[in-house]
Structure formats: C-alpha cells, structure tokens
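Below is one structure. I have some questions about it.
A, B and C are the chain letters, set down in written order, and residue numbers restart from 1 in every chain.
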C-alpha cells in the first residue's frame, strides 16, 4: 500500500483535477473516433450504391442496398454453393472428429485440413470474380502460415536445444539477413520462376515466404526458456527426437507458434507488391491486388466505390474476427518480436 | 508407453493430409493444360480484357466454318497492362516455353522485338492487301520497311467540339488553324461562358498528348543513330510542342482537370469542356460521359493544323495503334496466319467482327461501303438497350461520323519508335509534368529529359 | 562423449538400454545428424529462395539483361545510371520522409496515449487497447482505398463534410502528408502496444519509491519511466525503420489505385518495379541492392543514436 502523505485538498485543485480528467477523456474520444471512423466509413459505404457515394460520401446511406455484395458473388453461384457445402461438411467433420479423436487439438487440425481439401472443389468451380480472389488469398495465406510455422518450429528447436557444428555462426548469419529487403529478390525470382513456369500460380506466392527469419528468432527465443528437464524426462521414457518435438516441444511452445502464425498470416494476407509482379492473373491473384483496379464496366475508368468498399469489408472481416478472438496473441507478438503489419 | 505407435500414425495422417491439400491446391491453381490432338490450338496473348477478342473469333468462325473446325482459339491475358505482355513475351523468349502464336502489342512496343528478329515476317499476307489498306494501317504494319505486324486498331487524331457553343461564341474552325488563333478562340469562349473551357489540361496529363503532338513532325525521332545522340534538345519539335502546351495551360483557357481523372467524366456532363483534342477512340467514351442530352451538339473534325509553329497537326497519331504480331518461333504459326488472313486482312471477316463490337473498325478500303451502310442504315440490334443505342456514334455524332473517321486514317503518321520508346515517353511525360506544374521552364525540362535518357538508356539500339 | 547431444542429457547415454540397444556408432551418428534434419527444411528453402536469389540479384546488377537473349557485362554502369537518376533521389527522399514523418510524431503520441491509458484515473481502460489497435488490423490495401475515398478532391468525404476544395491527392505537396497521415493512422496501434508493454514492465515499486522521495509525475516520467523503456523502444524503432525502407503499398494504392504512383510521391521501391516492367532487370537488381545499402545505413544510424544516448543491450 502506498504510504499516505498529508495532501492539502482544496476546491480549486479538485476542480483542476476534474478538468484534467475531462480533457483526458476528450483526447481519448478523439483518438477513438480517429481510429474507428475510416473502417466505419468503409462499412457504411459498402451499403450505398456507386452513384450515391459520389453524392453523399460521408453520411448515412439514403438507400441501403446490398447490391455491392451481390456483385461480389455475381459470377459465382457455383462457388457459393460449393463453398457452403464445404464449410458445412468441414464443420461436421471437425465436430465428429473432436468427439472421437484425442486430443482435441488434433481433431481440430484434422477438421481444418479437411476444410482446406474440400476448398479445392469451389476453386475448380469458381469462374472468377472477387470471391475467387478472396479464396486465393485464403489459400495462399493459410498454406504459407502452416508450413512457415512448421519449418520455423523445427529449426528453432534445433537452434535452441541442440549443440551442433556451425550453430552459432549460422544463426548469426541468418539474423544478419533480416536487413535485406525481400524486394531485392523480385527481379531474379521473376526470371527464375518464369523458367520454372511458376508465374501466375499459387506456389510462386507461397514458397518465397516460407522462411521469415524473424519467426525463427522469435521461436528460438521462446524455446530457450523450455526447461531441459522436460526433454530429459522424455528421453528417459524412450522417446526419440522426433517424438520429443511433437509431443513435448510443440504443445509447450504453442503460444509463440500461435503468435508467429498470426503475424505470418497477417503479412501474407496483406501481400501486395509480390503478387503484383508475379501473379496478377485474375484466377490466382489475391483479393488485395484486384480491389484497387475495380472499374465501372460501362464507362471504363471510374472506380466503383461501392463494390470496392464491399470488397474491402470482405478483405478485412476475417482478420478482424481473428483479431477480436485472439487479441492477446496479436498484440503480444509485437513486444516479443516487435514486428508490424 | 504406447506413444510411438499412436503418434506416428496420426502424424503420418496429418502430414499426408496437409501435403495432399497443398498438392491438390497447387494443381487446381495451375492453368488449364493445352488440349492434345484434334484442331490446332492458337494462343493469342493480350492484356486487359479477353472477351472482345473471343467474340471476334466466334463471329469470324461463324462466317468461315473451316476456321471453327481447324482452330481451337485461346486468349491468354498476361496482365492488366501492355508492358505485362512485353514482359511475358521476353520471358517466353528466354525460356523457349509458352511462346504464344499471336500477340497483341501497342505499336510503340514492337521495335525491340522486330530488331532482335523475334517476329515473323508477314509480307506474304500483307503485301497482297497493301493497296487496300488505309495509309495509316500500312504504317502500323511495317517497321523500318518490313511488314512485321497485322494492323488491328488504328489511332487517328480527331478533334471533337461543341459546335453549338462555338457558334454562340463566334468561333469558326479557321480561327483555330494557328496557335495564336487557338489561344484567342479559347479566350473568347471562356469570356462568353465563364464556366466553360475550350480544352481540359491539368498538371498530370496522359502521355498520349506527347505522341499526338510529336508525330505530326516529319522524320522526328528520339534518338539519332547516325550521331549516336538523343535529339530532345536538338530537334525543335519537342520544344515547340511543349511550349504550346505550356501556353494554353498558362493562358487560363483550359479546365484544370486531366484526362481520365475522377472528375473528367463529370466535367463533360456539366458541359464544362467544349473541345477535346484527342483520338478516334474517344468516340466510345465521349457519348457516355456527356450523356444523351448532348446528342447532336458535338461535331468531329481532324485536328486544326496549328501551323506553322506545330508543323501540320492534322496528321500524326498518338501511338500508332495496336497490332498483332506472330513470333518467329510460334508453335502454330500456320494456323495463326490462317486466322489473321480471315480477320483484319479480310473485308468480310473484319466487317463481321465490327458489327459485333462497334469499336475495331475494318482497315480495308474495300470494306468501307459495307461499314458505311451498316453505320448509316443499321437498326438497333435486339440485345442492345435503347439507352446505349442512343449513345452509339452514328446516333450521337451523326451519320457522317464514320466517313470522317475513315478519312482520318489516311492522315495517320506513326513515329519511328526505338526499342526504348516506353521509357523515353515516360521521361518526357515527367518533363511535361514539371513544365505544367511550374517547376521548370521548357528548355531546362527538356535538357533534363535529354540527360535522363542519356544516363538511363544510353543507346536504345544496343541489345 | 559426443559433443552434439541435447544439452544436459549426459545421462541418456547410459540409460538407453530399454529397447534393443542401438550400436554406439549409430547413436552417435543419429545424434549428430538430428539437428541438421531439423533445420533442413528451413535452411534449404531459405538458401534456395532467399540467399540464392539475393546472390543472383547481385550478379545480375552488373549485367544488362532484357530477360531474353544474352546478358552483357556492364560493370558499375547500372549503379551509375541509378545513382545519377534524379527520380531515384526523389523517391529515396520520399521514403525517408515517410519514415521519419510518421514515426517521430507517432512515438510522442503513442507514448502519451499509453501513459494516459495506464494511469489509474480513467475508466474503461481495457477497451482502448483493442480499439486503438484496430487500424493495424485492417488490410493495408483496404485502408489505403478507404483513405483514397476519404480524401478525394471532388467527392471525398473530408472535402464534402467541411466544404473544402483541397486537392488532397492531386497536389503532390499535400499528398505526401496524406500518406503520412495514413501511416500514422495504421501504426498508432503498434507503437501504443509497444509503449504499453514497456510501461507495464516497469516495476511499480520503483515508482512508489520515487513518489515517497518527493518526485512529481513529470519527474517520475523523465527519470524512471523513459530510461527503463529504452530497450523496448530501440527494438521497435529498428524494426520499424527496416520495414519502412521497403514501403510500397500505402503510397501507391492511396494515390494511384492499382497503378504506379508518380515520382514526387512514390517510394524508392517504385523504381525497382518500373524497371522490371520495362524489362531492364540489371538496373532493377541494382536498385534493390542500393535499397539494402540504405537500410543498413539507416539501421546503423539508429543503432548509433541509441548508443550515444545511453546503453543498449
């Protein structure tokens, strides 16, 4: 308890305090308004027709219309149906597996995997349109995250818990490459991937992003703190290294793996410069690439703000939901590894 | 502990499932593989939207059934812009894979490939119809004396103006024939109608204005091979063209809005723009922006000469236009040639596809009567709404529009582009933006452009 | 005893007699190789798709190559061309401007906000953290497009609401500040959380002791809070600086939608992209390596400044 000091309170200082507190609330209200107004605007404008946005960009919609969202699903009734089926079956599978498979975590993983596999069906059916681009983003982000986390976890474990020849030198070298911007590899990768015929595919968007060094750093830092006694105990029980990794390390390190996974997912979700050069064919392009180019089909160059805003909402919603349900992981990652985007 | 057995099976399942998913998605993401056997595939590479070219093929195959039987037509979209096509072609050439059979290019882009021998010589199909093509189309088809391209879309210079407002302001077309006259006319118009302008020109114009002005000068080129130097500061064409733009921008007779900016379409609707020094493709946009309310008020003529200062501006072309080329190593060159022979190089074929899209005008003079007849006497097709029928050129501008456009094709002059044309035009555009933005005078901006080209490009003709 | 073993598990050598005992050599062999198997996926992918292309880019930057045909060795010509191109310097200064103009004010603002939110006087504190972080979570492209709509000249929300007619996104001088505003808006959450975490990590006993000794709020801030947060701020600052050199999405989407921003507002990576689009791959690679050089210099400068003003861990 704080030692209480004799403080002379008089009316004037109390009034001063009240004013100060009021001003602080005002300041915070301004910040909240500043932070929330643009996404709110995005949501509101997505319910206005394109022409109304030109007349009334800032206020509430005079005619609320879902036409923009219809536009997103326009060419894709097949996708929507297949997607709904996939979602339904995938969720069912997950529930069933959760009941009969142990531990729960594996069941959820299996369910998610089946969801992804089923996602192939909508893809092959999807003709085009924003929904296809949305699916592209989901696919690329998910696959990259899964494999990036796997690779970094394996390597981080080795760097943290094993001593081997070249360990320190290698790790320092890897850290040094953090300063090398990814964009350096754009010209050569463009040439290399065209030789491999990988331009305008999914793999060109996935493979170069499987090894972010900051993730390795993050995971290694965390794994260093795992007590060796845990590992020793497992060894005594006869487990080999592979088992130790999957049964001990991964569960114990799951917080940092989740944090890294979220950061990587967010980065892949936002990727723009890479697909702009490597994958701008509409059937594989991510949603981010297509949104700024949406134009009025009749007139030609005028942006269709209503549809664009609806697409932005579509682009934002998954991450927002992920954020609201996992706030701590989103925000703690910054301070452990201090990365943004 | 029984860990080992249970875990390894589950792990194997997990890893197997994920890999299968990844593999499946990768395959799903891969493009469709070429069909084997049967009719020959012809792959046409373009940028932007593929539907126009597809419907064109369908309409031509409708007339020539042998084409439909022998050719399986694919359109490959390389990206949203023309440079995507150039890059895709470069990569195809380096990897010797996926070389398309036909490529659509802008005429400015083919120099690089023509000089390196990557394009098939097309004299065998163009020479027979050489005399039937408009002079501009012939220029499109040739590079340095050889026929290497099939002309597709010719871009000629047309001046659209509000005849009614010009009359009210007391301006005639002859007034515009000199640069001073143009300035005076612009001032007269703006004095009479304070909210209207004779042209629009902001500080970030589109690059085609440069090509339009420069192409009127005979023999102008960016780089002189003989003296191995850039001509930007030496050839008076550049300073004259840029000074003209600076003058009209500074005289207050231009609406400070740029082409294809967000406010441009609105400005037409609000009748603020009374004239457009532009190209023939504007016929597709102007009616949309001005709406049917301005039907019949716009007239179309070739550009005013603006002589003597600007050579003869009634001639020239923004960038020539767009063309089809056939790579020397195209896998299905013969099938591609067959198609080209029945497409733009055939009167019936080109008229058929024109009736579908109304944009790509036939370039054979022998097709002219059929086009004019349809243009002037055709009735509204069933699948076109009344609103968009009213905005078709024949209804918006008048029945004589097509003849005017055809005549303009003979005035087309294509600038002699070198392999680095795109970059050179970009550098010139930056100079123009500096001039219009008041950051530099004409002489210093052009000097900067010259030194930029020298340091950034060097010699555009070296490989 | 083999050196390559799990740390602290010397006992295991003696105790692996449970199953059919593997021979000593195979134990050694598998123990030595295991870590390499673990790092293999990461390392091999990294070598093939990061280090390899980095080296290729370096080599490429000394050649002139159009993507087909032959590559001609040109020595330093590409670097010379880039370094004498005024557009490169404009875009580089744009990048540095965007970095400093958004980070420096942001540090002050976010720090103030963090102190405010942490002080025990306000209610509803737990709401502010996620709300202030929301902008960071909105997709970059979506945020840029919303801002483009907000700041349109004719039909933008700002101009309509306040009856202004400022050419926000058409006058390059104003546009640069709109980009800065977008960057501040997006990254407020990041810095706020960094400072909040830093403040939370300070031992409250220290503050108590200072209060007992008679220090007021301002002095506590200056002599206790700020010095103790140096490391976390330093780390965040360096990472922010490195990623800011690779800025691309925000200026381009905000000012030009899907196409390229004009040089007065473009960041330096635009030159790299434009060179790829024009097929001059050697120059593009040169730009990339120059950006790397700039990143190193900037990081070294930040490091140096922090070192000069106190210790760095």
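We take it that a residue touches a chain if its C-beta (ideal position, glycine included) is under 8 Å from a C-beta of that chain, and two chains touch if they have at least 3 such contacts.
What you see is a predicted model, and the numbers here were worked out from it, not measured in a lab.
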### Message
Tell me the chain pair with the top count of C-beta pairs in contact.
### Response
A-C
### Chain whose average C-alpha position is farthest from chain C's own
B
### Query
What whole-number Å value describes the gap between the mean CA coordinates of chain A and chain C?
16
### Message
Quick check: how many Å separate the C-alpha centres of chain B and chain C?
### Response
40
### Multi-chain contact sites of chain A, meaning residues that touch two or more partners
190-191, 194, 238, 293, 303
## Note on the structure
Contacts with two or more other chains occur in chain B at residues 80, 84, 91-92, 94, 262
### Query
What positions in chain C touch 2 or more of the other chains?
67, 152, 155, 258, 276
## Note on the structure
Given the complex, residues on chain B that touch chain A span 1, 3-4, 7, 10-11, 13-14, 17-18, 20-22, 24-26, 28-31, 77, 79-80, 84, 88, 91-92, 94-95, 97-98, 260, 262, 265, 285, 288-289
### Query
Mind pulling up the chain A residues that touch chain B in the complex?
106, 109-110, 113-114, 116-117, 119-120, 123-124, 139, 143, 146-147, 190-191, 194-195, 197, 199-203, 237-239, 243, 246-247, 280-284, 293, 298-303
### Residues of chain C defined as touching chain A within the complex
3-9, 11-12, 15-16, 18-19, 32, 34-36, 38-39, 41-43, 45-46, 49-51, 53-54, 56-57, 60, 67, 113, 116-117, 121-122, 128-147, 149-150, 152, 155-158, 160-161, 185, 187-190, 193-194, 197-198, 208, 211-212, 232, 235-236, 239-240, 242-243, 245-246, 248-249, 253, 257-258, 269, 272-273, 275-276, 281, 284-285, 288-289, 291-292, 295-296, 299
### Task
Over in the complex, which chain C residues touch chain B? Could you list them?
66-70, 72, 77, 80-81, 84-87, 152-155, 170, 258-259, 262-263, 274, 276-280, 283
### Task
Could you please specify the touching residues of chain B with respect to chain C in the complex?
80-81, 83-84, 86-87, 90-94, 112, 116, 118, 202-204, 261-263, 266, 420, 422-423, 426, 430, 433, 448, 452, 455-456, 458, 463
